[in-house]
Amino acid sequence: MDKSQAQDPLREADNGATAHTLRIGVYVCHCGGNISDVVDVERVVQAASGLSNGVVTRHYPAMCSETGQNLIIDDISNEKLDRVVVAACSPSLHEHTFRAAVARAGKNAYLYEHVNIREQVSWCGKSDPDGATNKAIRLVGAGVAKARLLRPLAPISMDAKRHVTVVGGGVSGLRAARDLARIGLAVTLIERSASLGGHMAQWHLVYPTEDKARDLLRELVDEVIGDPNITVHTRAEVIEASGYVGNFLLRVEPEHITVETGAIVLATGFDLYQPQEGEFGYGQYPEVITLDQLERMLDPEGPTSGRLERNGRAVNNVCLIHCVGSRQIEGIHQPGPDGKLNEYCSRVCCTATLRAAGEIRRRFPRTNVFELYRDIRTYGRGHEEYYDEASRLGVLFCRYEADRPPVVSPAEPKKGPGLICAKHPPGRSGKLNLVPFSAEEPDDSALVVQVKDTLTFGEELEIPADLVVLVTGMVPREIDTLVDQLKLSRSADGFLQEVHPKLRPVELAVNGLFVAGTCQAPMDISESCAAGSAAAAKAAALLASGRIELDPFLAPVDLDVCRGEGKCVEACQYQKAVTLVEVERDGRKVRHAEVNSALCNGCGMCTAVCPTGAIQVEGWRLDQFDAMVDALVADYAETEVSHA
Amino acid sequence: MHHDKIDTDALVIGGGIAGLQAALDLADQGFRVLIVEKQPSIGGKMIGLSKVFPTLDCCSCICTPRMAEAEHHPNIAIMTYTEVRHVRREGDRFIADLVKKPRYVDEDKCTGCRLCEYACNTELPHEFEGDLGVRKAIYVPFSNAVPQVALLDLENCILCGRCEKVCPVGAIDFLQQPQETVVRAGTVVVATGYETIRTDFKKEYGQGRLPNVLGALQVERLLAPHGPYGRVLRPSDGKVPDSIAYVQCAGSRDRSAGVSYCSRVCCMYAIKQAMLLCGTLPLADITIYYMDIRAFGKGFEQFYQNAKAMGIEFVKAKVASITEDQQQNPIVRIEVIEEDGRVEQRQHDMAVLSLGLVPGWDPREVGLAAPAPDGFIRCTQPMIAPCRTPDEGVFVAGCAAGPKDIPDSIIEAGAAAMEAAAYLHEHTHVAGKETTTTCMK
Amino acid sequence: MLPADRAQVPKILILATEACAYPGADNVGQIHAEYPANTYVVRVPAPVMFSEPFYLHCFEKGIAGIIVMSCGHECPYPGAYDTLATRISRVHELMGERGIQTNRLRLCAVCTVCSKAFLKEVHQMHELLTSTV
Amino acid sequence: MPEKPDTKKPIQILRERRGGVPRELIERNRQQAAIRRKLAEVLQSASKTVPELAQETGLPTHEVFWHLMGMKKYGKVAEGKEREGYFEYELIQ
Amino acid sequence: MSTRVHPELHRDIARFGGDDITKCMNCGNCTAVCSLAGDGAVFPRKTIRYMQLGLKDKLLASPEPWLCYYCGECSDTCPRDANPAETMMAMRRWLTAEYDHSGRGRRLYTSEKAVVTTILKAAFIPLALLLALHAVTGFQRIVTDRVELNTFAPVMWVWAVVLLHFAFLGYHLMMNALHMIQHIMKPEDPEAKVPWAAYLLELKSLAIHFITQKRWRECGEEHDGQWLTHLLLVSGYVIMLVLVVGMLGWFQTDNIYPVYHPQRWLGYYATLVLIYASAAMLIGRFRKRTQVHRFSRPTDWLFPSFILVGAITGILVHAFRYAGWPWPTYGMYLIHVMAMVAMLDSEVGIGKWAHMIYRPLAIYLMNVKKRTQNQAVPEAGALPTN
């Protein structure tokens, strides 16, 4: 390979070949059966080889594998390929992979076209394999058509602010801020409320270490506040955001400050589900509270000084109802005011509830504790032990089906049936620190909870309750301003949507934006901290060198064609992304459009209005689209499969 | 004996997904990383899985790019088939003694063409396929292994010499010796992963002697595109199973089996496998016997509800015993808890044990601090710095610190990388900004 | 099947935005929902880049129906959606002038998880085209 | 005349180091080859399912199946059509 | 109609030994692993669940605890390391106490002091009676130059007292059994009546189960040894009862029968068997190797200890008589009688007699119910495979 060629990425590598004499390699992936079980890959390859440029056409079980990539690399050098087309899964997964492979072979990475024949062909056409094969053939044709018109592009490299803004001063935000500061990056931490710590500051003891939440938090807050690299703004909110990766500009109110930052970590946290009026008696009976209220009660520094009482009376029976506002099912549960169902599991509530239940049994041994659950989800390290411990301490578990939820109602003022065996004297108490068994059990609980218990052969049980605790889950927090300003995407459950749960779990779709903690999904403190650190790692990698390389899909101007009419300037929505400039050309002063690549977002508003086609988004040129459409409607008579 | 010396910023023990991610996150920050993997290929357990929950992405589509990225990253060096013998601290640095086991194949020469494998006459159960499939005495570990290099199983080799004859590049090296390497590193990330509990852990489950009672990882292979049979068949006689049972909490949440904790991933992988089986065997009845369904992660609950809607049967019951009938059909014995509590014996064509996750490695073997009582690496600050271990400067990621699913492992790997990076900054004043390539083979 | 017959399978072109509709179309595949094979999804950063003639040319070339799947008001590019909507109305006018059924060009919003909306649009267009062609 | 050590082939050196190849390994190899031969013989006439092969060869079904899968992996045998829950296997000529 | 829960009840049951029911997470392993569970009677989880919830009526109506023979499989395999087998045992103790409306059972199970006073009181009765007898006759009747037991304890008097004692105990037992029947047969549906014919037709099975306790064998082969030991013990015990209660006039005689006389070898057989079985039980409890012996309570030691004492003192009486030592014979006889009266008095209310009745009765009542429900009576444990 010619060395200078590899060094200058923009140099035309086509050696004077015309679009139709370019050497194009076409690779069709089986995706281990994901594609090849439906699409006849051999036929696709056959069709591709019939195209004028199909120099090398292959199919392979896993193009993304090391071997698959090497196949391309070897072909590029052996067969002197000019362009590469891979038909495989969605470009969101592997476009990058193959661009990198092409680059490793010494070619410009942008002389590559990716065709999606998995998500948009095989997976949505299982019952029509012939149709899917034909579709794949046409899409590959379109890919080749576009590939003919690809140009080598150079990534845009620019300076980045070695500064990160963390939005949200809860535990994950604090963790992220501290980690970033530790490696020497400047950090601005913006917190909406008056103090740092988020929900965690409200809690008493936390699983699985039984640490005091406030002690843990104090340690972290002290580190953050004492760190010279971190600037903290409380009672502050981002109200406007602009810029791009490496160079964001945030306007923060009410302090009227502007933060220039290279990356943003969103750690905006969650809200607790607010039960609807009448949901399990919430709002109807004062004895119905939520888990966080119970946590406050158990806190010696809380409103009851740690006493378990309701309306001034000791609580003899506590009934905790799991999954309130979580795991909702269409047709069974009532949608919330926003019309949405929370179909997800809130993940932390089971262990938190078991912890609280165990604490009640330990501190108030005469208080009966009931837990009405659907599934106990003590999944994490040290969590199952809470379930074990709560059981051992005598917490009574009943399991209800989603379609037969417990019913909370006021108790009838009557005496219970009593128990006969009480006339016998109490014996020596055993390990459990037994209290005398009383027949005159007063049935004076304020409420009763009725539940069809699947652990008791479907028996309808009646549970006395002085306190009904609704175990409410997490819901996405209201962050509309940020969502608007930063163009964040949310998943179906309303939480922020990462790019890919496994490949890029802490990255958001907008470059330079990262997500940490419970604004992404319910998680506990430990997991929030891990997510905070992971997001910090990504931000650190992004800003490590102080320079950022961007995809070159911007809209440059073909000066030969531009007539300087300025339609593009009118159309452009980004301030100063495109401007008209006057230059001397061939001794004449001419006006033409000029694009600022750092500000251009490549939306193509200008392209549509340009009368001469002078301004085009690189990588998405209109002639490329025209060619693709041509290819889609072209005749593939020899290779297309006829429908039976 | 050949001695090598390597100097690096971070030593990552374990080349599974957590180790790879931690290495990538460190390397992207400019640190030099050495990944040590004891298996002949990186990729860990993940590369052997079929598809992943809850997205049903093809697992190798997610794992192979990470493997390739690590392999090609200028800041990352990888040593496979290498064991860490000892790690000790020397001032601000860690000194690790590594031993690379002989493959009897020259890694630099081998092209992974597999001619030797075809020529070899000795057939053995393939460990990568959960012993279900066949491999030869010389073989490339699996189709997407990194590196794509063969290795010779000397213990089972009859030294006939065929492989040497057919190798086009003369890569067979019968006289290869273990190779010792000393690594100096600024920090260590432990990502040694997990093992599944052995199938013979419980006498009531047939002690691993029932041919149609499989471990879940074996079923992953049956479902994987290049699996041992190319489709889902049962091992006793190659029958297409019509009825498949999933036995949850097999070696988790069971003190009688010595494991009291929840293995965290089994519910979801069982549901996933059940869905995939529904896809490949549309007529099959699939029953999942569970104690609690733990679909706690993002999108998991919806996944579970979808599985229910697909007709997968969920039965709340702890399977007490598995026996077999004349045709080697497994029979599970349960209490039908949610109905009248009657005891039933249900016959299936195949039963899958959702085997629990147990520690894969004891840090004491290399001189690191003792693990927690559950056998996994101890975390000193599980709440606010979950990756720290009792050994300062040693961080943990993934299942080495307890069972975890892939997203959680990857996030934790990022966290471990962050901790390691901060530690390097604070302790060895590594600039780490310039991209420096380690040259080693 | 003869080429003549094949021409009768109406082709639907879907212009799907990179940020929303294209991942949305991926999502439809991920949940293995099926739709007719005569649909071709083309990834675009923002369909606002296409001028009026582009659409008309497509119809001339033999595309039977076009669905522009945008991000709607969640579009990452400010102002682009409104501009696009205006442009599509203009194209409808031009189609009417040329005697092309205006409902053969549809503008809709499809987000990354809008599999139902995606399927509805595709099925509607397919029905329309197969009943009229 | 004794061979000089340095002219010995590596494989011979290794054989010596191992003190010869264990008899049971060689025996196992021989048995495996015999089973594969037997299966190939039976399949010569017609494609068969595992239970059929087991009946004709007198081998247990799981052993037949395992070897068959090896033969399939290394291209000696191909999967045919399904018959009553079992696939037929045919010899690749 | 919903059932009120009374979690306090388990504190009461815990006094009978069922103190680890809180460990249970209702996974159902114990029931599924039990080879006796099935066929309408599912346990131990059902019983444990009722205990957790304090559903006293349901517990009293449960025959299940009597169907468990404590093989310990459930405890061996419990995922939570709980001990369902012992819980079933505790349940049997509690039920025994509940069936016994006199309160004796409850006292004995829950108070060690009550056990001691009961034993002492019972042992005092023969001593007092004998003293009274000889006080009236002025201690003149006792022959002291040779062994003539009947002069020390006139057999007809003794027999009369024994029969009276047995009538008393038998009445007690009958009443308890009646309470058990009332509880178990209490219909859930007040309209449903169990026909008398059902009771009659199942009597045969009652007899068979009473004599053989054959259900135990379904626990699995590895428990056959226990069953056999138990059967031996029962045979020895029954023989002794028949000899002592039914035939004391011939049994307690100063004429030594020839060796071939059936009474001699029956007596020897019974004694040997009782020594062997009770010693085996005591050693087992001491070693705590098997599940059944891991959690012994004082009352569990009582029975085998008494048997052993009874057998040994019985042998000694016999030996001293052979030796011709009058006073040691008389003294040992008194000790023997005191021990046996104490045993019967303490055991009938709570233990071994009771379960010999309750177990077959429970099976019988289950069968009666089943017959009423117009179902065939399949062998327990033989589950349909579907």
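A, B, C, D and E are the chain letters, set down in written order, and residue numbers restart from 1 in every chain.
In this text, a residue touches a chain if its C-beta (ideal position, glycine included) is under 8 Å from a C-beta of that chain, and two chains touch if they have at least 3 such contacts.
Quick caveat, the model's predicted, so the values are computed rather than measured.
Q: Note the shortest touch-path length, in steps, from chain D to chain E.
A: Counted as steps through touching chains, the separation is 2.
Q: Relative to chain B, which chain's C-alpha centre is the most remote?
A: In terms of C-alpha centroids, the chain at the greatest distance from chain B is E.
Q: Would you mind checking which chain's mean C-alpha position lies nearest the centre of all protein C-alpha atoms?
A: Of all chains shown, the one whose C-alpha centre lies nearest the global C-alpha mean is B.
Q: Farthest chain from chain D, going by mean C-alpha coordinates, please.
A: E
Q: Which two chains have the greatest number of C-beta pairs in contact?
A: A-B
Q: Roughly how far is chain A from chain B, centre to centre by C-alpha average, rounded to an integer in Å?
A: About 25 Å separates the centre of chain A from that of chain B.
Q: How big is the gap, in whole Å, between where the Cα atoms of chain A centre and where those of chain E centre?
A: 66
Q: Could you grab the centroid distance between chain B and chain E? Build each centroid from C-alpha atoms only and quote it in angstrom.
A: Taking the mean C-alpha position of each chain, the two centres sit 56 Å apart.
Q: Chain A to chain C: how many Å between their CA centres?
A: So the centroids are 28 Å from each other.
Q: Where in chain A do residues touch at least two different other chains?
A: In chain A, the residues touching two or more other chains are 376, 388, 399, 455, 457, 491-492.
Q: Using the touch rule from the top of the page, what residues of chain C touch 2 or more other chains?
A: Where chain C meets two or more other chains at a single residue, that happens at 30, 32.
Q: Find every residue in chain B that makes contact with two or more other chains and list them.
A: Each of 55, 57, 253, 316, 337, 340-341 in chain B touches at least two other chains.
Q: Under the definition above, what is the set of chain A residues touching chain C in their complex?
A: Listed in rising order, the residues of chain A that touch chain C are 90-92, 116, 118-128, 131-132, 134-135, 138-139, 142, 487, 489, 491-492, 497, 509-510, 553, 571, 573-574, 601-605, 607-609, 617, 620, 622, 625-626, 628-630, 632-633, 635, 637, 640, 642-643.
Q: Where on chain B is chain E touching in the complex?
A: Contact set of chain B toward chain E: 202, 204, 249, 253-257, 291, 316-321, 325, 331, 333-335, 337, 340-347.
Q: Can you name the residues of chain A that touch chain B in the complex?
A: 30-34, 61-62, 64-67, 69, 89, 93-94, 96-97, 100, 104, 171, 175, 179, 182-184, 206, 208-209, 211, 216, 219-220, 327, 329, 343-345, 347, 375-385, 388, 399, 454-455, 457-458, 491-493, 495, 500-503, 505-506, 520-521, 525-527, 529-538, 540-541, 544-545
Q: Under the touch definition given earlier, write down the residues of chain B that touch chain D in their complex.
A: Chain B reaches chain D through residues 118, 121-123, 125, 132-134, 156-159, 161, 164, 173-175, 211, 228-231, 233, 235-240, 242.
Q: So in the complex, the part of chain A that touches chain E is made up of which residues?
A: For this pair, the touching residues of chain A are 368, 370, 376, 387-388, 391-394, 396-397, 399, 416-417, 419-421, 423-428, 430-432, 434-435, 437-438, 441, 450, 455-457, 459-464.
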